[in-house]
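Before I ask anything, let me first share the structure, which is written out below as structure tokens.
For reference, chains read A, B and C in written order, and residue numbers begin at 1 within each chain.
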């Protein structure tokens, strides 16, 4: 049983297992706008702690699910969002999850096939005895001078001096981004004045975008920030709210 | 046995790696076409079940290998275990590298949904995969090695079967989709996540 | 060929050293006397002039060897001198050692973003780099060798090409070492030590 399906929730609007919540949300029987997703995350962290072990597989599953919920909720909560933005059907969320699961399944099946191939090779051995002395290849010291081009070294070094575009941090990505980090990013940007959502998520992957949006919602709720989008898909301008809430961080992380 | 067949037999015995037909031909100072009947002769001579050795075509070349009949005795004589089996994580990582090479570790992690650092490290250490440069983002790329082909009995990567053959049919996919939506009704201690994960 | 003869053939093929009759017998789980006719059978099969391999009885026991007929071809196939290509991992590792020497293995791993043990081992084995003491933290330091200078056609380390022409971020400030470490860390993101392998 995975940790995710074991997760029991006791929220204001819903009490029961997490996967039932997911189902009810997808069927629109529970209003996602009323679900405190931060509470869900906290419950999950407590749950992990009580199990005393970190199951990466289950944790990732949870993150994928919660990210899908976050994205859904974010879209629902976007101020001035018109019908275009509200058209994410529950089936689209299901579609997204399905696509990921199919891809993973394809290579899991291929992996099973590889293991069968390897098992079928049981008992096949190759000779690994070293060649007889009269066949030993001479060492590199017998090669003439200058067989390698020094430019090869300069080029290799140059490649190592390159900084990746920011998007590359996603490669350690989806598991490691936290609401606290994204709050930090937003607050840092806002200290310098007004900013935009694009600025806050430049080069970020999808999950980071979701979490950033969630962090922004949290700041909005706490009166730390407000935002404005003048047209659908337009730039989202973010300005610091009148009263930064001292509790915000504790509530969101 | 012709002299040419005798020479090829000796070369295959001496070479630590499978030898391509062209390399055998140039070592024997003949045309590759002249070698074809010799390789057929040897293939018949070392056909499975005839001798203690079998002639195999793997990793783009020819090589001699033992018949599994000898495995228990070989284990007793050499006290060397054969290649250990792959863990599920290693096999998944290897299959993604085998099919999508060159592929970076982040890409493997994205497909598997979990970080695959230790599986990658083990596959590298066992020589089944190797680095093959860097992606445009600077991530190290990996590919499979000739040893991978050899140990899995493959002549080349083209012999890997099309992985889409394991995809669910459109009907099954539709069913999965429905289940994701209807999981509440089907739920009897099994959630949508778990139910899908088992498929 | 009997099963026992097939097994013995496979064992002699695998073993790098001559094998005593007793050892063959115990590996095959038979009495040495049972093996005598099998060895005679194989001796006839692998008699000189018949095949590419010859069964020999030497001081330590039994061994398969190639017929001298194959020697010229074997030399052409296996003993010809060749310049081993530098893999991407080896070229990166060697360039780091060449430009930053002395440099420690953990530093190489931090710059490359992946453990570089096998590349380092190969470069050491080929004599292109060597150890040069230890860092204040006890890590082994590496430097290039005179053989390295010779094979790259360099009179001294000062003749290494100026990397500026390959520098993708010339606007970055700082020493080469610091810049490499910063770029390596940027490529690794904020990830855990796992990315660095076994530092």
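Heads up, the rule we're going with is that a residue touches a chain if its C-beta (ideal position, glycine included) is under 8 Å from a C-beta of that chain, and two chains touch if they have at least 3 such contacts.
Since we're looking at a predicted model, the values are computed, not measured.
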item: Chain centroid nearest the full-protein CA centroid; value: B
item: Greatest separation from subunit C - chain, by CA centre; value: A
item: Computed distance of Cα centres, subunit B from subunit A, in Å; value: 31
item: Centroid spacing, where centroids are CA-atom means, of subunit B and subunit C in whole angstrom; value: 21
item: CA centroid of subunit A to CA centroid of subunit C, Å; value: 39
item: Residues of subunit C touching at least two other chains; value: 10, 13-15, 74, 78, 88, 112, 183, 187, 195
item: Per-residue multi-chain contacts in subunit A, two or more chains; value: 125, 127-128, 130-132, 135, 159, 162-164, 168, 171-173
item: Touch list for subunit C against partner subunit A, complex; value: 10, 13-16, 65, 71, 74-75, 78-84, 86, 88, 91-92, 94-96, 98-99, 111-112, 126-128, 147, 150-154, 159-163, 165-169, 172, 179-180, 182-184, 186-192, 195
item: Sites on subunit A touched by subunit C in the complex; value: 125, 127-132, 134-143, 145-164, 168-169, 171-173, 176
item: Residues on subunit B engaged by subunit C in the complex (per definition of touch); value: 1, 3, 5-11, 13-15, 19, 23-24, 26-29, 50-53, 64, 66-67, 69-70, 73-74, 76-78, 115, 117-118, 121, 124-125, 130-134, 137-140
item: Touching residues (chain side subunit A, partner subunit B) in the complex; value: 1-2, 4-5, 17-20, 22-24, 26-27, 56-57, 60-61, 64-65, 90-91, 94-95, 97-98, 100-115, 117-128, 130-132, 135, 159, 162-165, 167-168, 170-175
